[in-house]
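Paired with chain B in one complex and with chain C in the other, chain A is shared by the two complexes that follow.
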Partner chain A sequence: MRPILLQGHERSLTQIKYGDLLFSTAKDHVVCAWYSANGERLGTYNGHQGALWTVDVDPTTTLLATGAADNTIKLWEVRTGRCLKTWDFPTAVKRVEFSEDATLLLGVTEMRMGHLGTVVVFPINVDVDAEQADEPLFTITFRESKATVAAWSYLNKFIITGHEDGTVSQYDGKTGELIQDIQAHEPDMQITDIQMAPDRTYFITASKDKTAKLIETNTLRILKTYQTDTPLNSAAITAKKDFIILGGGQEARDVTTTIARQGKFEARFFHKIFEDEIGRVRGHFGPLNTVACHPQGTGYASGGEDGYVRVHHFDKPYFDFKYEVEKMAKA
Partner chain B sequence: MAPPDAVASRANWADDEEFDDPSALPPQQVINNADGTKTVITYRLSENGKKIQTTRRIRTTVHKEHVNPRVAERKEWTKFGAEKGHPPGPDLSTTSVGENIVFRPSVNWKANAKEEDSPESKLKDQLKDKKVACRICKGDHFTARCPFKDTLPPLDDVAAATAAADVEKDLGADLGGKPGGSYVPPHLRNKGARGETMGGSGGGSRDFGGRDRDRDDATLRVTNVSEFANEEDLRDMFERFGRVTRVFLAKDRDTGRAKGFAFVSYADRSDAERACAKMDGHGYDHLVLRVEFAKKG
Partner chain C sequence: MAPHSNYDEEEDIDFSDLREQYEVRLDEGLDTFVVVDGCPKVPEDSKAKLVKFLCKKLSDAGKVKPEGVFMPLNEETGQTEGYAFVEYETPEQALAACKKLSGLPLDKKHTIYINKLTDIEHFGREGKVKEEYVEPAYEPFVEQEHLRSWLEDPSARDQMIMFRGDSVGVFWNKKKDTPEQIVDRVHWTESFVQWSPLGTYLTSIHAQGVQLWGGASWKRIRRFAHPFVNLVDYSPNENYLVTWSNKPITIPDVLPPNFPLTADEDGKNFIIWDIKTGKVIRSFASIEAPEAADKGRKKISWPSFKWSSDDKYVARVVPGQAVQVYQTPEMTLLGKKSIKIDGVVDFEWQPAIPVSGKGKPQTEQLFAYWTPEIGNQTARAGLMSVPSKEIVRTRNLVNVSDCKLHWQNEGKYLCVKVDRHTKTKKSNYTSLEFFRVTEKNIPVEIVELKQVVVNFSWEPKGDRFVFITVDEAVAGAAVAPKTNVHFYAPEKTKSGIPGEWMCTKTVEKKNSNAIYWAPKGRFAVIATVHSQQSFELEFWDFDFEGEKQKQEKAPANKDLACNLMLMATAEHYGVTDVEWDPTGRYVATSASFWKHQMENGYHLYDFKGQLLREEHIERFNQFLWRPRPPTMLTKEDLKTIRKNLREYSRQFDEEDEFEESFKNKEVVEARKRLLDEWRAWRERCERELERDRKEAGWTPPVAVEGGEETVVEEIVEEVIEEKEEEIQ
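Showing the complex of A and B:
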């Protein structure tokens, strides 16, 4: 497979969303939209004043939400790049996500300058001309450890949060009450990514403790553990094939002191069920900050500390690969 | 009479090179084959002015793909932001295609990956069968790493050295160690014994006295040696007459080729005499060898 390299950013990537359009955010102040089929840039969303941390698009590709270090969440019209709404916060926004039906938007704010970390939930009207609410429906405030990532469960039933201390918590999606939490990863090892499976009944977490875990949404039971030899920044579940893609590598600040090979700047593929590592894809010059899979399972994209997005369209060997037991089960 | 514009459009006869220029290229030919393929024949000039014919067979296949109508609609969107007004199609400043990556998932990919990469390990594999033998103690390390390198002379010199041991004793008494005798500077000691030995076996000057002198008695100087000669061949040739203790072939330091002369030492002087008689005038490569006893300095 021949990756397409997207060089729209001058600084390290922070998050990408991948479908037929690809949205990328980086620590420079622009959001880019690309056609993933050929790597053509559709446009940029200009207006943020600080490093961008996160991006999400609603399921109908009408609205785009971004969170940035200029303490705002902005809502954009995907098609034209017009800014529809800006919400201001006391601290930086580290993660935004639309719910499944795009009626709700959550944002994770940083704990800093005397402010506690929070998750805010806004009602969204999926119409580019509609007026959006100014005030959040509810706010979850974290007294102990701040949340770094969050995601919606199926039917907006829960909000799942990943924390700096390695815990994963489950909050009620309607009221914001804590239901339960578990110590999913090593204590004091930050959870760096949460991505939901297509049906949102389970999700994957990536952590600095060098593991990724597959966790059930309802019970927070840990289903699978994927062990690697490097701190992880991102994890994605592939559609169509039962694989997991993990991205990570040496801490960005240590990169200058290591050579590329030792840095382990590769996307790692694991089998979702057997927990075996089945391959690696190299290419980045820095750690992978974010990986994303195509909803149809035709490819994946990775964004690195090196400022590149690499879009990969899988070829035949990927789709043909099966374990012996899988082949036998089919026969 | 031709209409005036037709006259104007006709090229000047001086520009028309079609019939006198041999480098004129025939036009491209397209042939539709019976099996649905197309054959395209094109001509071009190569760098050195040669005519090159390129024949390509092309099969056109139509791939139909059903795309979600909303995805198809999104492909028609006009560009905005930094891309506003840019023509459709990828821009080379933001989009490029990377190197091809071979990605084959496999259960034991780790084992496969190890075989594929790391040129160092390949080199190690190549050298695995090569045996390293120390010239001093015959151990499996390089001579330079030998633990005995400062205490023992090279092994093949030892035989000669032991034979010469008593001679050396006498010499020592004669020259350096003679009680009451006048001082002899080191470079003058054994002067007569050193002879025309080139190089020795590398750093052999430690005790050049007896051993080299002894060897010189049975050392042949071979000249008019082909520049493609090597020491093994010479050794093979001269070993027919007796045990050869040393073969030294002078080589050019830069090119590595033989300089045209060599020294062959025998353990026994009688062997050397026989070899000298037989090999003088012997043909080797394309030259006739000249063999004589090495002169003593």
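Showing the complex of A and C:
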């Protein structure tokens, strides 16, 4: 599994979306689009004035949404790089996500300068030439602990939010009302990532408490726990194979004081069902900020604090690998 | 109910406890008075003389004025009553007088007894002390747990402690598998844990003192109150315990109930305890080294009190002057005085009393000591026999900068590592002086080296040794100088007495700095610990059962009792500690959080150097094998076992295999269950999703099967060669 190294960013990566095309955002104000097959850069989306925190693309690869530290969410046409819409906010935007039918877009805004953290939900018209709404459908405001990440459930039933204090909450996807919350991770350990399974019936959370958890969307029941020895920044669920991929590493601010070996800058593969660690992939020389899986399960990509994206296409042995029990069950 | 009616109820409240607490103590101010009993009875005219005499005697504890002494006269006889009331300036002085001066003989007939006036008031009243002696009730006998129950493990596994984070756990060693936890307690100790030398007790250290734990249920066996204790040491047979604190003990004036320390321990740093009774047997103050006082932080050489191998004697050195040898259990100086040895720096007991051929019980035992050059006298290493205090052997040494005494663990040999300097004091070198203690007249053999030896280690139960020398440091070089590891063995002789020691191998240009012999000898691990760059572990076999290895260093015609072979090398990043298990089957190496914060955890190797298990544990502090007491088997039993070793090993292999297959089966079962659960959940989930989607009337855009599998073709042009040609 020889990775393709994408060297287009000058600063640390913040989020990547991986499919046939790969979209990456970094703190250097530019969104990059790449051919994931060979790592050739397709183009960039210029316009943001601050560090980019987040990116998402709709299922038909028509629209691209980005959120940045310049307090805006921008909507782009993927094909041309044209900026379709800019929404302004009082604080930075940490996460954006399209719903599975691409009719809704959520954005998570920071708590800063007296403003509370919120989740805003906009209606989206998938037509590139259509006018987009100026005002959100509704806003969820967090009085206690701010949300750091959020995601849509299937059929837009719920919005799942992960918080700074380690809780996971479930909000009604139509009204924004709180339905329930659980202390999924250690108290006061930030949840750093939420990624939905392909059919959005369950999701994975990554936390600074060094664990990742698999949680059922409807009930918020914790299905699985994956224990590691390093703070985690990102977690992804692979399609096709029952694996999950975790990325993390020592806090960026502590990195200079230690050697690379100590930093644990590896992507870790766990078996989704058995919670066993299967393997690690080295390569980055800074903590992994984001990992993403190909929707067809053919590969994964990771973006690091070191400014590089590494795209990996899985080899045959990866697909052949099976536990004895799995083989028996198939037969 | 009317509000004011509450007042009546309050009348009934019992205030006695508060009253007691805040009651004005009427006898306050009488604390400076003491009562002196046992004075001679004198007529009135000699009273002044006696008072003066008494004042002189009593002023040892504090100032006493003749006006402060009241000596009542008996009107009838015209003589003094034989007691006196004496006032000191402060209550502390009065207390000191009671402690120090009570029982002081005035002359042959008279001995004075001093008590505090308040005590006399308190105890002297009628009924305060019962007239009749009441025998204390005997506590019923309670069956105690067997303290050595861990030795009964059917598969003879070893136990170990792992101290990580705040919790201390005791585990069974399960080789490759996760250690089986026996007990795990959070905050079991406040600083570190320690096993007793035979593994009976687990020692935990607290600000209040030391606690001993053991038995199958890991309950507390003993506690030894020594405030702010820093270090503990056991006698070799677990009869006595030495505790040390850098802060001298202060005894409060009012002793809390069950306080085990008495005024005798005031100002002391060391306490020697009897483990079986839990009582103090003697306490000592630290010996202040005169030059160390101004250096600020003092270094203590531990253990300060060294035990003879049979627990019979305990001794410490008074630097430069003498060795104090105490006899147990009375804890009196041997022969009532310390053994004067001018200039003595250090001493070391013979670790075992070698069995003499005649089968006569040996009563004498040895300790080795050394003295540096003083004036005209050369430095000297010597052996002294105890209790006769006879010097059995000395050896004069010149140009000595330091000495270290290394006994072979059976007490057969003593190696004195002499660090020397050349006459100009520009360079250093080491010579090793070997005393063959069990041979007649104790012959001495010398190995002279050109380098400085940093580490030396005898083979336990053997007569071979390994040492490490260090190359001369290059001035200003950033890297530490390289080290060389030397392996020595005695020449084979016909008589059976080991012949001259010779080098069998030298490994040069290493970083190794530590030697760890297997507890039963033969195998040794040479390691690099506490290093930033190198983390090497080398596993050596001294009796390799195979082709005879070449003896690189020894002359070809000499045959050494050794066949040295490097079995394996390993690396453990950040290793700080290496420990063999007490049976010599496994080696545990650990990276302790106390030393650095990188990849703390432990590795487990077998004696051949094969890695069995590695675990990274956050804030891993200590890994300690539980020691085992010496075997109870006779020599004949051991011989039979050795003969049938093959048979046993077959049995053990079978057991291992059985366990392995059993365990595998368990894991497979568990996985199967997990998988089934997951599949069932997924099925339910998918059904629900299908239903919900139907209700919502939305289906995800179905990916066209096969259409997704696009093949990306990439045409790569490569310029193989470029040539420029001129065209006419």
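Methods note: the second predicted complex is superposed on the first by the 331 of 331 C-alpha atoms of A that agree within 3 Å, B and C clash if a C-alpha of one lies under 4 Å from a C-alpha of the other, contacts with A are read in each partner's own complex, and residues count from 1 in each chain.
We take it that a residue touches a chain if its C-beta (ideal position, glycine included) is under 8 Å from a C-beta of that chain, and two chains touch if they have at least 3 such contacts.
It should be emphasised that the depicted structure is a prediction, and the values quoted were computed from it without experimental measurement.
Engineer: Taking chain A as the common reference for superposition, should the pair chain B and chain C be classed as clashing or as fitting?
Structural biologist: After superposition on chain A, chain B vs chain C: clash.
Engineer: Touching A:297, do we find chain B (first), chain C (second), both, or neither?
Structural biologist: The answer is neither, since A:297 touches no partner chain.
Engineer: Output check: A:20 vs chain B and chain C. Expected answer is one of first, second, both, neither. What do you get?
Structural biologist: Both chain B and chain C are touched by A:20.
Engineer: Is A:2 touching the first partner chain B, the second partner chain C, both, or neither of them?
Structural biologist: A:2 contacts chain B only, not chain C.
Engineer: More residues of chain A are touched by which chain, chain B or chain C?
Structural biologist: Touched residues of chain A are more numerous for B.
Engineer: After the superposition on A, what does A:281 contact: first (chain B), second (chain C), both or neither?
Structural biologist: In the superposed model, A:281 contacts chain B only, not chain C.
Engineer: When the two structures are overlaid on chain A, which partner does A:50 contact: first (chain B), second (chain C), both, or neither?
Structural biologist: A:50 contacts neither chain B nor chain C.
Engineer: With both complexes superposed on chain A, which partner does A:199 reach: first (chain B), second (chain C), both or neither?
Structural biologist: Once the two structures are laid over each other on A, A:199 reaches chain C alone.
Engineer: Counting only touches as set out at the top, which of chain B and chain C does A:80 meet: first, second, both, neither?
Structural biologist: A:80: touches chain B, not chain C.
Engineer: Please indicate which partner A:323 is in contact with in the superposed arrangement: first for chain B, second for chain C, both, or neither.
Structural biologist: Both partners, chain B and chain C.
Engineer: On the A-aligned overlay, A:38 touches which partner chain: chain B = first, chain C = second, or both, or neither?
Structural biologist: Both: A:38 reaches chain B and chain C.
Engineer: Which one of 25-33, 79-87 or 133-141 is the stretch of chain B that crashes into chain C?
Structural biologist: Stretch flagged for C-alpha clashes with chain C: 133-141.
Engineer: In the superposed arrangement, what residues of chain A touch both chain B and chain C?
Structural biologist: Chain A residues touching both partners: 20, 35, 38, 60, 323.
Engineer: Any idea which chain B residues touch chain A in the complex?
Structural biologist: Residues 68, 70-71, 74-75, 77, 79-84, 88-91, 93-101, 103-107, 109-110, 113 of chain B touch chain A in their complex.
Engineer: What residues of chain A sit close enough to touch chain B in their complex?
Structural biologist: On the chain A side, the touching residues are 1-8, 20-21, 30, 34-35, 38-46, 60-61, 79-81, 243, 269, 276-283, 310, 312, 314-315, 317-318, 321, 323.
Engineer: State the interface residues of chain A toward chain C in the complex, per the touch definition above.
Structural biologist: Against chain C, chain A makes touches at 20, 35, 37-38, 59-60, 100-101, 154-155, 157, 199, 201-202, 216, 218, 223, 229, 242, 258, 261-262, 273-274, 296, 323-326, 328-329.
Engineer: Which bits of chain C are touching chain A when the two form their complex?
Structural biologist: Within the complex, chain C contacts chain A at residues 573, 598-599, 616, 618, 668, 671-672, 674-675, 678-679, 681, 685-686, 688-689, 692-693, 696, 698, 700-701, 708, 710, 712, 714.
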